[in-house]
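Order of writing sets the chain letters: A, B, C, D and E. Residues in each chain are counted from 1.
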Amino acid sequence: MADLTLRQVKKSYGNVHVLHGIDLDIRSGEFIVFVGPSGCGKSTLLRTIAGLEEITSGELKIDGQVVNDVPPSKRGIAMVFQSYALYPHMTVYDNMAFGMKIAREDKAEIDRRVKQAAEILQLTKYLDRLPRAMSGGQRQRVAIGRAIVRNPKVFLFDEPLSNLDAALRVATRIEIAKLKESMPETTMIYVTHDQVEAMTLADRIVVLKDGHVEQVGTPMDLYKKPGNLFVAQFIGSPAMNVLPATIERPGSPTAARLAAETVAHVPIATPASAKGETVSFGVRPEDLFVTEDPDNTLFRGQVDYIEQLGEVQLVYIDIGHGGQPLTAKLPGSAEVRRGETIRLAAHPADLHIFDQDGRSFLHKEPAAEAA
Amino acid sequence: DLKFKPGEDARFHWDNYEALKKVDLKGETLTIFGPWRGEDEALVRSVLDYFTEATGVTLKYSSSENYEQQIVIDTQAGSPPNVAILPQPGLIQDLASKGLLTPLGDDVAAFVKDNYGAGQSWVDLGTYAGKDGAKAFYAFPYKADLKSLVWYSPDNFDEAGYEVPTTWEDMMKLSDKIVADGGTPWCIGLGSGGATGWPGTDWVEDIMLRTQAPDVYDKWTKNEIPFNDPAVVNALQIFADIATNDKYVDGGHAAVAATDFRDSPKGLFTVPPKCYMHRQASFISSFFPEGTKLGTDADFFYLPPMASKPDLGKPVLGAGTFAMITKDSKAAREFIKFLEMPLAHEIWMAQSGLLTPLKTVNQDAYANEQLKKQGEILTSATTFRFDGSDLMPGKIGAGAFWTGMVDLVGGKPAKDVATDIQKSWDAIK
Amino acid sequence: MAGSSGKSVVGRFGVHLAVLFFVALWTVPTLGILVSSLRDKDQIIASGWWTALTSSTRTEAGRLGTAADQVEKDGRFQIAGNLFEEGESRKITAFGTRSQEPTRYKAGEVADLGDGETLQVNEDGSYVYASPKAFEGERGRRVYYSASSPPKFTTQNYRTVLFSEGIGRSFLNSLTVTIPATVIPILIAAFAAYALAWMRFPGRALLIAVIIGLLVVPLQMSLIPLLKLYNGVGTFFGVPSKTYLGIWLAHTGFGLPFAIYLLRSYIAGLPREIMESARIDGASDFEIFVKIVLPLSFPVLASFAIFQFLWVWNDLLVAMVFLGTEADQIVLTAKLNALLGSRGGDWEILTTSAFVTIIVPLIVFFSLQRYFVRGLLAGSVKGG
Amino acid sequence: MASQIFSAVLVIVIGVGGCVAYFWGANKLLDLVFPAHGVSGGAAVDNLRRQGLIRPWLFIGPAMLILIVYLIYPVIDTLWLSFHDRGGQNFIGLANYEWAFGDREFRNSILNNVLWLAVVPAACTFLGLIIAVLTDRIWWGTIAKSLIFLPLAISFVGASVIWKFIYEYKGEGQTQIGILNAIVTGLGGDPHVWISIPFWNNFFLMVILIWIQTGFAMVILSSALRGIPEETIEAAVIDGANPFQIFWKIMVPQIWGTIAVVWTTITILVLKVFDIVLTMTNGQWNSQVLANLMFDWMFRGGGDFGRGATIAIIIMIAVIPIMVWNIRQANKETGGH
Amino acid sequence: MADLTLRQVKKSYGNVHVLHGIDLDIRSGEFIVFVGPSGCGKSTLLRTIAGLEEITSGELKIDGQVVNDVPPSKRGIAMVFQSYALYPHMTVYDNMAFGMKIAREDKAEIDRRVKQAAEILQLTKYLDRLPRAMSGGQRQRVAIGRAIVRNPKVFLFDEPLSNLDAALRVATRIEIAKLKESMPETTMIYVTHDQVEAMTLADRIVVLKDGHVEQVGTPMDLYKKPGNLFVAQFIGSPAMNVLPATIERPGSPTAARLAAETVAHVPIATPASAKGETVSFGVRPEDLFVTEDPDNTLFRGQVDYIEQLGEVQLVYIDIGHGGQPLTAKLPGSAEVRRGETIRLAAHPADLHIFDQDGRSFLHKEPAAEAA
């Protein structure tokens, strides 16, 4: 029921420019996730949308109406703060009920909704406690509960699950997804550092960096066709391996020379002008597999360090590229040992190349090429 | 820097100064605590200068807005000044009874008796029971104030054709005449911040002296007759008849308690005048509007006695300050001796309003005719009595009596007022 | 809250209006004495201070010249002169010779006073008083006139106060009393408050109770016992009993219960985790106090400093009791007090001194005001 | 002049420096006697424990010493005096207390004091809070605050002059120079002698104290308000609370402790303050309060220390409930640590 | 250089009993991770070890010496607080340098160490800022930096990475691992909700629940041989699927009947007495794979919901067991569609069974059986 439009939204704190002109269109009912490195401006952008920070310049519209000067309470939003921002003098129950009490809703209805939210968040036992007598995770759940209880047009979440344990996180994540499903009209904007959350929850992900939007797209888009090197490395965990390569033969597929003896054939079209250009060659750790076949080998190196995660293991391989080891995510059962030399390969479809400016060749428009 | 160069003005007893020079107090320190601040402080310092100049003593004079409180604290705590000068016999009595004062000795008492006008009454005023109950002379009178004065504007009187009354009855007739002429006869203001009410006590004391014999007055101040004795109630009633008569007093009786005593004489000088007469002590002239010339713009007459009580003569109500030794020292003794000298009085007299009962002073030293006239009233008085409220215990004279006056002008019956004051007096016995 | 809520114009406007209302209510009385301090003492009680700015028409009395000034002219005796002093820019509109009818004649009119006497008073105050007979008497005749006078202000009161002898010295004395008497209790109280808030030792609750109880001790009550003590100490060691040290300690003692009470309640509210963190970092209580608690307590330290400064600065009683009144020790309040006449009521001096003494506390207030920083604790911990 | 300034500065430096030196030095000494650095682990731990036992007393030592000398000793002295007659020489038991409760003026004072206690702290705290909150939100807040604060900086003498000119009364028909009467007559009413109207004059006197003390409440509460986490207010804004709700439901409860401090302080001040009553009415027209009554008995006309001390003790006893309540509060706060 | 021993450590806040007698031995130089649901007492236990909370009863020894009464500063610890606890009035630099300044270390040395830590945590740009002008993640990094700078015997971390972005989290995690390697003598205790962190960092994991220790073991131990149902479900994400089953034939392997038509053969020994007993049957989502073979099928059901994570997808399958769907983690490339019916299988070695009390049969001691 609420779509948002941001046009050249800028925000500075004195000399510190935090947002450098954000353009974004969010459709009503969409689930948008903001991701980006710490300090890139996610919280600031969210607070701007909430109306807690004045916009330095630009325009913010909700449902087509410019809301730059509309107070937060009139924007129809609910927000979960990164620092919880619980009312320290109120019990958990009152913290959650506050918004509804303010709105003078029916007592019984308040009670019902608060209890329901408490149930979902496993807070029923703590309804009478004050925040200061709660653990970090419990406090965070109260903060979520407070937002859930209200029925806003736009939900804003700032890292709502970062202090929850894995089980609860999965459960809450699914609850949020269900909540979304039960309120198809409600727009949700969600800041997270958790790849899984971003991937599973988002209709579209907005990748931010240093106050700029790097790419907007569905999770699969960003994963499969990262628009640039930053997105490629940011989405997916562990990050995509990136190595320098030289384009030996442009066209489709492109032949890129990785090392003296290795040439990768990437099924991506490159312009003829790119010949000889030094590009960045990327492959995700999970796309690598161990091979014995020397012809098929993309990389060969010595195992530097292994992190065994049970089901999978992360293997760091020194391929002699100036310190930066290659990461491969191999099945937990794969028999690799530290110090051993192994060969790794990947399917050509899983390879990526980026030009010198970090832009993906996939996304290059013909116009740009002509210029 | 001496105010008058020694030897230059014949009005002064310069021989006193020469005698003083023989007293050597170099290296000694004398602390004096007095009630005078502001302009008065400058005056008293001009007198003290002669003492320091001649004797070489290091003299420290200080005063305080809360001097009453201050002297109690200082004496109780054992850090008193050498000499304290205070205007309240009640307070002095208290200090004496706590053993905080040093007797001045019989020779000083004899001096006062011999050299002061109405000497014995001054000696009596300075004599109190000490801690052991024995009576001794503690307080040396220095500087007197005349209270029985009525101030008026000669121009206003002339214009309206009023005569200065010489009897109480005439004065009341004049009041009625003024009312008939459309004017208001009296300005009365009892306001004085925390001391609100005291000007009323002066009225009552003056009336007491004009309706009762002096010994009744004395008994009254000692509570040997109760406060609600008919004699006292009568005096209260006479005052109440004036002060609560809305036609008699400027602003009506409501204004009486509310008007500050310092502001109240100003009605004499407004155009048209708000009132024609103002009963107040001699000091009040310093609160007249700036530029008011005494004798020309303002004058006073003696608050007249009652023709119906001719035997009471011309009683005068007065007040004064007393010097006493709170911490004995050679310098303190010498200072008291200094106060015995006419010079100590003349220096101040020559500048402004110091009246003195000391007979040896040169009357020509008075700065002006006005003061001289006041001096005459003082000397021609058949009866001199000290301000009664100052003689009563502090809780009464500076408490219940004041409150009683406020109540009285507020319309409370005189008898009730008197009874209440008596109750308070009973409570502290 | 500033930028975030209340963005609606009406809300903003209301806030401004409300503050304006309070400020007006609070300022009017003060404004009253400010204006009064600039008027002379007769004006102060003659008309409301709020009329001081408007030019007023007042009826006044003046006195004509005396017989000594008369000149004979055409057989008539004349006294001429001016009712105003030179340079006065007032205008007479009417005059009269009887106080009951002070404005009987218009300015410039020749009044017939009977017996052939005439009086003419002009707008500019000049007059001619004539009579067929020679004037007698020492007293000049009174005339009354109504004159419009422009608002009149005087700096005389300020001159009286500011240029009175020794005022600079007593200003210094006041500062000498006030500064240590403000700083010492802050230091002592802050340490005590920290101990009472964050250190564990037996009797802590009792101590807090006693301190709250001591808040109520009336100052006047302790003066005599203390002075006795001082005198005792003074005589015993052969030192003067009225010293700066003595008054500092006295002010410290009187200010301490409030200081400890106020500081303790603030310091107890600081986030526990910060203190714990410092403890783990190896900081001793002394270091925690100096490096963490003190900087974080600035707002409350500043508040207390302001009040203590005020009390000490405006104090008269304690200074009179514990300090001498000689030039080297007399404080500003006592000095100003001495400027008042023995019977008080010098409104003009009172109002002026009130303004003279107010300046230093205001400077202190303004300079400490900036320590009331918003969000001193922001960013330190998260959670409720 | 220069040498005076120099000596003044020197005296100040010595005074303040001495105090700093004590704390620094005592702490250093403690570290030297029981070293915690540079000794073996076990000894260090023991020393630390000893330090932990001693240090609190180092911190509160000076405060306690001063409190004992300057307040506790006088209190005991007062208690002793209250059992003695006016000169403080003869023991008279509880006679002074008997007298007090039989005294009409004393009972009247108690009633008035109750009135003062009910009105002044509440009014000061409430107004101070409102003003603190409002001024925080406007650009000229600092100026506004200073103006509200101004009365606090005026001496009592100055303040009483100010209010004298407000309540000043001139007879009907005359020009009123008191602004209150000028307004009343301007509106067509009759002028009144405000401070002499029994019962109501209490309120006219209270207004003065409120006028003075609101600045105090404002300053303290304003510093407390600034400690409120911004985000809780933001959360409330988003929850849709209007400014009033934010004020009452979010801000006030979070600074409740400070409000209690301000309230307590002003309550105690009310019990102590006598200057206003002294200078305005000196207890006449039934406006007497305990503190002024005490002052009266203590110093007027030589004084009666026994009765003065008795009233002082009674005032102190009146504070006990406030003490108890505060201690509860304090224990609640520090319960966690 | 420091080993810790906890004996019956209990902690209560008034009536609220948070720790119910913890017994734990931590060897010098070990890396211990505490995990457990939110509110189970992890932070409390950590604070107890730090000396910030007094122990209600029990005994805590460091290096064999009882330290119940030793103040925190003498325990030789450094701690990263869950709520950061930064000094709000100090710059980032001063926050980090504080501990060393207190210890009166050499200025140059302080500078070197602080700069080095800032480098690792990418805080160099912010050294002059105050905490209030930092983002959530940045604040958390400062808190970590503050601990790193000091050189304690025991490191305590309370969810130090929860506000960091994925890339930084991986980087910091590896830094912590390296830190640990470079200080083999330093004992580290680490609270986290992140499975990956727990698995990769821990020498041993301590699983807490409601103030009790549930199991202590190496990550692989806990993953492969969970001592009880709680641990089984807590370790691994998404959680292990648990379904009721009946032991049809005890012994080794055990035959457990899952549904009318399915019997699973689990290579775990069960006592004869268990026959007919209703047990809990567990299988991890990642151990399930799609099969066409009806004989091999463990579960068969309709796909309810799919979460596509790129490399893998989480598939929730309704197998008719009263609402609770079965979760399977399938390769991202597996072609499953919502609504489709699929069959799932698992290798017998990956199956788990737990008795009625939730204890794993694997861990059951013979003695218990005899009884």
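Just so we're on the same page, a residue touches a chain if its C-beta (ideal position, glycine included) is under 8 Å from a C-beta of that chain, and two chains touch if they have at least 3 such contacts.
No experiment lies behind these values; they were computed from the predicted model shown.
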By the touch rule set out at the top, what is the minimum number of steps from chain C to chain D? 1
Central chain (distance from its CA mean to the mean of all protein CA atoms): D
Distance between the centres, which are taken as Cα means, of chain D and chain A, whole angstrom: 56
Euclidean distance of C-alpha centroids - chain A vs chain C, Å: 64
Centroid of chain B to centroid of chain D, CA atoms only: how many Å? 39
Whole-angstrom distance, CA centroid of chain A to CA centroid of chain E, is 23
Residue numbers in chain D touching 2 or more other chains? 36, 157, 229, 234, 237, 295, 298-299, 336
Two or more other chains are touched by the chain A residues 52, 71-73, 82-88, 132, 134, 136
Where in chain B do residues touch two or more other chains at once? 65-66, 69, 73, 76, 193, 260
Tell me, which parts of chain E touch chain D in their complex? 65, 69-71, 73-74, 103-104
Per the touch rule above, chain D residues touching chain B in the complex are 87, 99, 103, 157, 160, 164, 168-172, 174, 192-193, 195-196, 278-285, 295-305
Within the complex, which stretch of chain C touches chain E? 271, 273-274, 276-284, 287, 291-292, 295-296, 375-383
Flag every residue of chain E that touches chain C in the complex, lowest number first. 47, 50, 52, 71-73, 77-79, 81, 83-89, 98-99, 102-103, 130-134, 136, 139, 146, 150
Per the touch rule above, chain B residues touching chain D in the complex are 65-66, 68-69, 72-73, 76, 88, 90-91, 93-95, 97-98, 193-197, 250-252, 254-255, 257-260, 274, 393-395, 397-399, 402-403, 406, 410, 427-428
